[in-house]
Amino acid sequence: MAAGGRRREQGVSAAPQLKVADLTKAFGGLLAVNQISFDVRRGEILGLLGPNGSGKTTLLNLVSGAMLPTRGTVSLDGRVLTGLAPHRIARAGVSRTFQLVRMLPSLSALENVMVGAVFGPGRVWGGEAEAIGRALLERVGLAGRESLHPAAMTYIDQKRVELARALAGDPQVLLLDEWLAGLNPTELQTGIALIESLHAEGRTVVMVEHVMDAIRSLCDRCVVMNAGAKLAEGTAEEVLSNPEVIRAYLGDEHA
Amino acid sequence: MLTVIVVTSLLLGGAYALMAMGLTLQYGVARILNLSTGETLVGAAFASFWLFTAAKLSPLLTLLVVVPAAFVLNWLIYRYLLTPLVRRAKNRGMLEADSILATFGLLFVMQGLMLAGFGGNYYSYSYLAQPVTLFDHTFGLNRLVAFAIAAAVALGLYLGLSHTRQGMAIRAVAVNPLAAGLVAIDVPRTAGFAFALGGALTACGGSLLSMFLTFNASMGVVFTMKALIIVIMGGVGDIRGAVIAALLLALVETMVASLIDPGLTLAATFLLFVLTLLFRPQGIMGKRA
Amino acid sequence: MIFSMQRREVATMAAAAAALAVLAGLPLADDGFWLALGISIASYVAMATAWALFSGPTNYVSLATAAFFGSGAYVVSALAESAPWPVILIAAAAVGALLAFAVGVATLRLSGVHFVIFTFGLAELIRQLVTWYQTTVTGSVGRYIFVEISAAQIYWQLLALCGLTFFIGWAIARSRLGFALRVIGDDETVAAHSGINTAQCKVLLFCISGTLIALVGAVMAPRFTYIEPSIAYGSMVSFQVVIMALLGGARRLWGPLVGVLPFTLLYELISGRFPNHTHLLLGIAFLLIVYFVPQGVSGLLVKAWNRMPWRRAAAAGSKA
């Protein structure tokens, strides 16, 4: 449980928390996201898979408000988020990390994390924000490095800080864009354990991911995209053995 | 009345279009927001004035001197003053801030030199000032000639950009300097060429304006303002947009000046600017992102 | 660590208060040249610091200083005979805030370039509008300002404004707004996705900056005795303030202060000896700053300070 956070019920509930309906984004004639619909239940980890260029990051950008969809809606607990500015969506309880890690270079590790607590849904200030920041840095394994600046950190440590920043506002839904990409095998195990602990505390997570081990061990359900459209939906085992999915990833001869 | 307004603004719009095309090349391709563009224009006007009064050279012939000189001067400015800033900038925002400040410096240096040379007085000269009747109204022949030259230069530029190798390179750098570099376009050279060409167009506009407008050494800022607003209205880097916006601005300006009050022309251009910012920040020809 | 007031901050504040008290004694020593110079410097310190409050963290070059300054001065000319001085100041502050709000809402949602262009022509626009209003509605362009106020009183009010500006800058740095600005300065996308309303922050900051500059204009207005649009809205002040703030360094609260002193002295010297070359001086100053001191003199000072032997030892000690 994140410091200062609300209590959550354990396990996955049946009610959809995040609802994506008929979401479409056209760039000129190209449909980057094409009529995508799916639900994310409370406390669930949903994997968003698909080959490169299939529209996963665009979908996350639509959910987090970085882009406006051409059509369709995203709603959180029944409240429509589509059309809101990114800062409103963040305050409503949807926080995200970025595909290429984005640190705030002039802020220390602690201050980077505090940004999430101060401006996110929690909107705390002062000693309380600092306490949340310290607790989260400890949780992601960076206790004692509070005053380090991003330039002096390794890639995995920067990713840890970014995750802590996204968690600091105690979000309803966490969007992870290839958070595990680029980690070595040891770091990967640490990373998987960290996301597993989010699952255990009942946090809802949508993760764009390519690392198959992580998908199998973490995701309750997966949505697979290809060329902007939804190709398959189901448990990790189901979608990964789906011939359509294999064809999309590897080509015809493997199906 | 309406005919007079439309024709007058069209004739004025020709020179405006040249200056705006110059700025849109400098900003859209070379990525330098040149705030001394008005001083380039006024400088060319003074050069024409000086060549006409001292050397008795016809303003049409001075174009052949002033425009190449402006090209060379602007190339040198880009090469030696601005290239270090381009190299130093870590991102587009930094280059923007640096180039704004550096061109402020140029603005004041050029203005200071012109003030030193000509003082703060207003200047004009009389060339081809005979009346010509058009649609039952009289207009100065100098305005008609200036417009014809501006139209020819604008058309030439448009064809050059769309049909030559160098033109295609310029358009490629305007869209994406990084990708242009990957397909073996010499980006720094192309940007320098675009900056120099932009300066030459602005100077051409200034020489043409000097044939029928009164000018002084500290007027550049007003022209810079107009050029900036036209470029934003037309969409940065968009030649056709710049021409349309220039004509629109000249029309609104002439209407306000002749129907309401000549003291409100800047207010009119600002109104256009605010409307653009509120409703089409990407420019009248631009696509909504 | 950024929330509790540290002993060093208390010491800095005490030193600043003491410095203001000493400076306040200037009119007792001289009421001629030096007081005039003091007034000039105090007004530029207040304006350059207020300018940097907004333009430092956002990197948006504002050229609206003349517009705020002139509007503040014009409020005085309009109300001088009908309202008491404090009411006039409040009205000037309100006009500055409203003007900044209108400009901010129109341009700060967009990129910095739109903002620069807008402020570039703003003073000239307002000058035209005021001239037009005065010629068509009131009938006369110029106005005399008769306010019972001495040069010493103007000087003290400017000193108070300098103190207020520094205090506001200090308070912002400790507030949520200040924290948000640091995030925006680093990465605007991260700021928005972390829940920061970036446009609102910028507009708010621009309003604070514009209000302070309008107040300087109001306090300075009685110095003019006769006011007309081309005097009040002279665009040079916009550029001078930018140069001073950049020369000192806009990223530190005390930066502009460092830039105002040398530049004001140099400008007084040049405009006295070679009145026709002030433009050239401004131009060369801009170029020199951009190419040789992009971080401002305060940046150089901090660098030099950190290279001092005792600082190096301290840095090594804290790392170990």
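When the chains are written out, they are named A, B and C in that same order, and each has its own residue count from 1.
Just so we're on the same page, a residue touches a chain if its C-beta (ideal position, glycine included) is under 8 Å from a C-beta of that chain, and two chains touch if they have at least 3 such contacts.
What you are looking at is a predicted structure, and each value in this text was computed from that prediction instead of being measured.
Geometrically, the chain at the heart of the complex, using CA-atom means, is C. Each chain's centre was taken as the mean of its CA atoms, and the one lying most distant from chain A is B. The centroid of the Cα atoms in chain A and the matching centroid in chain C are 43 Å apart.
Rounded to a whole number, the gap between the C-alpha centres of chain A and chain B is 49 angstrom. If each chain is reduced to the centroid of its CA atoms, chain B and chain C end up 32 Å from each other.
Of all the residues in chain B, the ones that touch chain C in their complex are 33, 35, 81, 84-85, 93, 96-98, 100-102, 104-113, 115-116, 221-222, 224-225, 228-229, 232, 261, 263-264, 266-267, 269-270, 273-274, 277-278, 281. Residue ranges of chain A in contact with chain C, taken from their complex: 64-66, 85-87, 90-91, 95-96, 98, 102, 104-107, 111, 114-116, 118-121, 123, 125-127, 130, 165, 169.
By the touch rule above, chain C contacts chain A in their complex via residues 1-3, 176, 179-180, 182-183, 185-187, 189-198.
Those residues of chain C that touch chain B in the shared complex are 59, 61, 106-107, 110, 112-114, 116-118, 120-121, 124-125, 128-129, 131-132, 135-136, 235, 239, 242, 246, 276-287, 289-291, 294.
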